[in-house]
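Scrolling down, you'll hit the structures one after another.
What follows is a pair of complexes built around chain A, which joins chain B in one and chain C in the other.
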Partner chain A sequence: MEKKIELLLSSSPFLKQQEDTPAVMRQVIYSLLPAAAGALWFFGISALLIMLTAMLFALLTEGVYNKLTGRANTLRDGSALLTGLLLAMTLPPGIPLWMVALGTFFAIAIGKLIFGGLGSNIFNPALVGRAFLQASFPVTLTTWVAPGNGLSFMQWRSAAFTLPFVREKVAAVSTATPLSMMKFEGQLTPFKALFLGNSAGSLGETSALLLLLGGIYMAARHYINWRIPTALFATVIVTASALHWLNPETYAPFWFHLFSGGLMLGALFMATDPVTSPVTHRGCWLFGAGIGLLVVVIRTFGGLPEGVMYAILLMNGVSPLLNRIAQPPIYGDPAKFKKNEAHNE
Partner chain B sequence: MGLFNTLPTFQRGIHPGDFKDLTRHLPIERMPFSAELTIPLSQHLGAPSKPRVKVGDTVQRGQLIAEPGGFVSIGQHAPVTGTVTAIEPRPHPTGRMVESIIIATDPFSPQTFYNEHPMDWEALSPRELISLIQHGGFVGLGGAAFPTHVKLSVPEGKHARFLIVNGVECEPYLTSDHRVMLEEYDDLFYGIRILQKILDVRQVYIGVENNKEDAIEVLRNHVPDDMACEVIALETKYPQGAEKMLIEAVLHREVPSGKLPIDVEVVVNNSGTITGIGHMFRFGQPLIERVVTVTGPGIKRPANVRVPIGTPLTELLNFCGGITDDTRQILFGGPMMGAPQARLDVPILKGTSGILCLTENEINVREEYPCIRCLRCVDVCPVGLNPSRLGALAKSRDYEHMLDFHVMDCVECGSCSYICPSNIPLVQRFRVAKGLLREQQARNKAS
Partner chain C sequence: MQQKSPGKLQQFFHFPEGDGLATDEFIKGLWRENPVLVQVLGMCPTLAVTNSATNAIAMGLATLFVLVMSNVLVSSLRKVIPKQVRIATYILIIATFVTVADYVIQAISLEVHKALGAFIALIVVNCIILGRAEAFASKNTVWKSLMDGLGMGIGFTFALLLLGTVREILGNGTLFGFPFFPDSFQEWVIMILPGGGFFTLAFWLLFFNGMKARKKDNHTEVHPEKESVEEVYV
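Up next, the complex of A and B:
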């Protein structure tokens, strides 16, 4: 053959499915958009500012870190953006923006980068950031404002531009979240308000419906392992119902647990973070069930009204152990044959 | 799927799309003899064959030119009538230089066969039949090129109850087995009888993916009345043609880890191989040619071609109209397990089931991202391994530990690499790890 062609040597397989990791991250971000839009509706421009700040600082932190350490550009993989948005969704709408920035920095730097970046972290970065803020600024993180609606979009609901460490005058009217009303006053928020989102809480804690939409989409497209939320919901339903049956006066019914607080957001978008959940399906069942149990226990018997964050972080820590004990048998597993032989004898 | 699909198959696996329309309907054509053929003494797994001719000898088409160099080795034959011009190292599709017999074709020869008469196989013992297959030069034509007679030699104390004919051809793009089953089923059933006799097996299954409906129908219509042979339509899914997966689909048996199919009373053979064996016993012709699918967007005229072994790749490509200007990669085999070629002067081998020409558009050398533990690889691995975990261990060169995660059971199908969104070269790393571990085991044994 006269033609000179340059043949490329690479390794099989030469066919590949087309969806790469950045595409997966994008899809998860898209799945979060209905709930983000809900947050805008209920909390207006302050919600928008919080989300933008978190995403911006997430990118900034990782970008600067890459520059300083001479690592390749990892911003394209989309995981930093996702962490920023997720963290924003866990924050109360009245939080000053400097705290958002600080929390995001912490989430990316301590939650992810010091472990070695995407894929190497043990704990969900967004929750690490949220836990840090909760520990540092407990009052601000539990001061809630009542939701409005789209008509009051431009209305300030907070001291967004408070300077760092200046004590703010709490101007906004603060209210209690459904969970604290239940815990401290024994008052139950109606189902409709919880499900549609007309209740106080973090940006992403308001509408269970919008979160579910995103969750179902992700599960159907295999972006998340459906076993985790399924096990989680099932455990919450069973344990909460059992408690409620024992004493309906003090213990809330299961639907209240399911649709209040950060449970939907946590179950669908954080517990399902593939990096920090187990790598076997059996492990995922146990993982989801563990979170569900912990949530109900913390909410019911702990000192705090909300326990989703701690429940997930705790189970993140357990997930390497689950990996070890939940290895499924392989094709031709020697163990299977030993069983059969014993059976035959 | 799952719920409504009643076709037998194995667990997990992938659906990469079959790309077989390029050549599925094209009848097998013959190509002219090239001026020079290169017969590598090593085109199979095992010991190289030993030459029985010298430079300058004239050889006739079908004549034995090299004999088995041991038990795990085979005979080689002259694919054309001509003269031996050299016995020397030549480029080989594995990328190495391999000792080869070079034959210059006699342009005036009528190319009749050296020894063209049917063999009276019914009078022969299984042992004699196995020896004929070994000297006839047979290897697995599906691509692995493992000597067939070794697979047919059942060890003392074991017995086969089932023969499974592997007509799955699960590699995308390839259609050579498909066309052979469709056009040469006579030879296939003839070959099955011989294998039945060798193995003392009554029950035969022919496994075919249901994307070859015409072949399934033709085979079903032509199963001889006195043969206990069932043609089984299998779900089209990769790697359905892997031996272990085929056994799982057809018999619902699992080959124990580290054991062979014979340990669950099964022998599996490729349909093309059995067809070749049938042809040899019918007409006295050893394995000197095979059907090759030449395909892909980079070839001008895709085709199923009967190619004399040793034909230079260039000649075959030219016969198929040549390659397009934007061809960037030429593979021996299919896209999932095939091997890319660095040069075009290599010969077609007995194990070459297809030539796949890929252009710029299909090449995807893509950026690698960290493992996000999405478990897609776990969901597709037919063996039930955890490629994510194995990949992490391989990256940190913790090969010892990979043994605990059953790396030696990996069938190297590449399903995990196919599905991985982070583009991690998983199977490539497992191949390297397995090679190193095997070497180490051999060294330990030696010391």
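Up next, the complex of A and C:
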């Protein structure tokens, strides 16, 4: 019997990546784990509760929406879980849990699903949820508690279990974040506290070191485009140093901007969201630089002490335009060819 | 003479004779062609002054008054106004009634007048009013235009009230200035900010479009002609 030759026909791409979306999402969640562990160390069980609530409601919102609209089940791609965890990382440790649930619902439903699900949203869903909470409950979202350590793990934050839609009781002991101390009192937080994380702030913004660990891992494995954080850091360093050089009394040095507030978290985990950042490399350089510039401008001249969230959301909005103006040159472009020819003659 | 004038008047106003035509002009503005929820016109007052139910009602009634009066006047002058200057004439007519509404609101409640601010004067450029004058009143009888103005105005007030109620309850915990929730209610500040206006409008549009889609599925064969909505470009 003659051996049949099978002819396989398929269209490009011929080189296929082994990793699909769920695998990448899992890896990003793993990279966030050091920072999450840091949050547990500094803020104890309330941090754990916030993270669990956010992740649970993220899955719940997406699951119910898929059921109601008759869509395929998208829970397994892990993006809802990641959004929930990222949102939790941006929240202050003393926040009532019903606000966490509401913010997560808003992030997933309005930030992502309304646009058509993963890959179709304009703005980073976690930051949409955070912006909604910030605008709705400005007092709660700017009340910070001082970080503890592992020994005070079981210490409850009284406000966490406030009933839904009820105003929380006056927070126990509130402190200022390094950024608001700088802005309103002109007091600089030492480098070591900022870098290691022993300072007040949101769950995931205290320790720059732990965030950097995750970020470097992701960049090395090409889960994120390293151009975005690089451009962002470079712009922040240049702009902040220039301001500091002009007047060291009022303007903070660059390392303060770099390691305080949500800049590390935003630069490594939110600005690099592949859905809402530009697709071209030149676009990514511009995108990161734009965020860096806006962060320094908002922090230095704006009314708010922190501006990373708004900077990223604003640049999310212009990333389609960046894609347009940052198109790579086409090889063998006839217009260019003619120009060169005319030049040679 | 006595025989002629009622005939002329009849012709001019075109009173309905049991055919229900003018009633239909009234009803279409409430729901089927609601200026805000279906035509998505007049977004400036819809988003800007609906941060409380009281403001929404005041704005809706002022617009209703201007809409009805300008519709009636434009319609009765429709044969006199030269085509070339018709828009300018409409604006003049509308501006007159807006001035009247402005002073009336100021006389009734200075507080509401202050809360509405520049948006009372901006009724002049509300595209619902100019749109109805151009698309309807200039082509139809006075009676029909009156009914059209009433229907559209009430539909507009209804939509504004929907937004204003939700925004005031969530954003301030009150309704018409009276406490709606117990004292311990945590206000959602965003709802009385401009962003909340967009969110609330989006939710209502989603709700009504969903209802319309469901209705359409049930009655596709029964009333196919009812789907024609006048196209207005203003």
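A few notes on this one:
Just so it is clear, the second predicted complex is superposed on the first by the 322 of 345 C-alpha atoms of A that agree within 3 Å, B and C clash if a C-alpha of one lies under 4 Å from a C-alpha of the other, contacts with A are read in each partner's own complex, and residues count from 1 in each chain.
The working rule: a contact is a pair of C-beta atoms (placed from the backbone, for glycine too) under 8 Å apart; a residue touches a chain by one contact, two chains touch by 3 or more.
This one's a predicted model, so the numbers in the text were calculated from it and none came from an experiment.
Contact with chain B, but none with chain C, is seen for A:P274 once the two complexes are overlaid on the shared chain. When both complexes are overlaid on chain A, the residue A:P253 reaches neither chain B nor chain C.
By the touch criterion stated above, A:D77 is placed in contact with chain B alone, chain C being left untouched. In the superposition on chain A, contact of A:F137 is made with chain C only, not with chain B.
Of the two partner chains, neither chain B nor chain C is touched by A:G63. Residue contacts after overlaying the shared chain place A:P34 against neither chain B nor chain C. No residue of chain A lies at the contact with chain B in one complex and also at the contact with chain C in the other.
Put simply, chain A touches chain B in their complex at residues 1, 3, 5-17, 19-24, 77, 79, 117-120, 222, 225, 274-275, 277, 279-281, 323, 327-334, 336-337. For chain C in complex with chain A, the residues that touch the partner chain are 181, 184-186, 188-191, 193, 195, 199. Residue ranges of chain A in contact with chain C, taken from their complex: 110, 132, 135-138, 165-168.
Chain contact summary for the complex, chain B toward chain A: residues 11, 14, 16-17, 172, 244, 248, 254-259, 314, 317-318, 322-323, 325, 327-331, 335-344, 356, 358, 362-367, 369-376, 378-379, 382-386, 388-389, 406, 409, 414, 417-419, 421-423, 425, 427-428.
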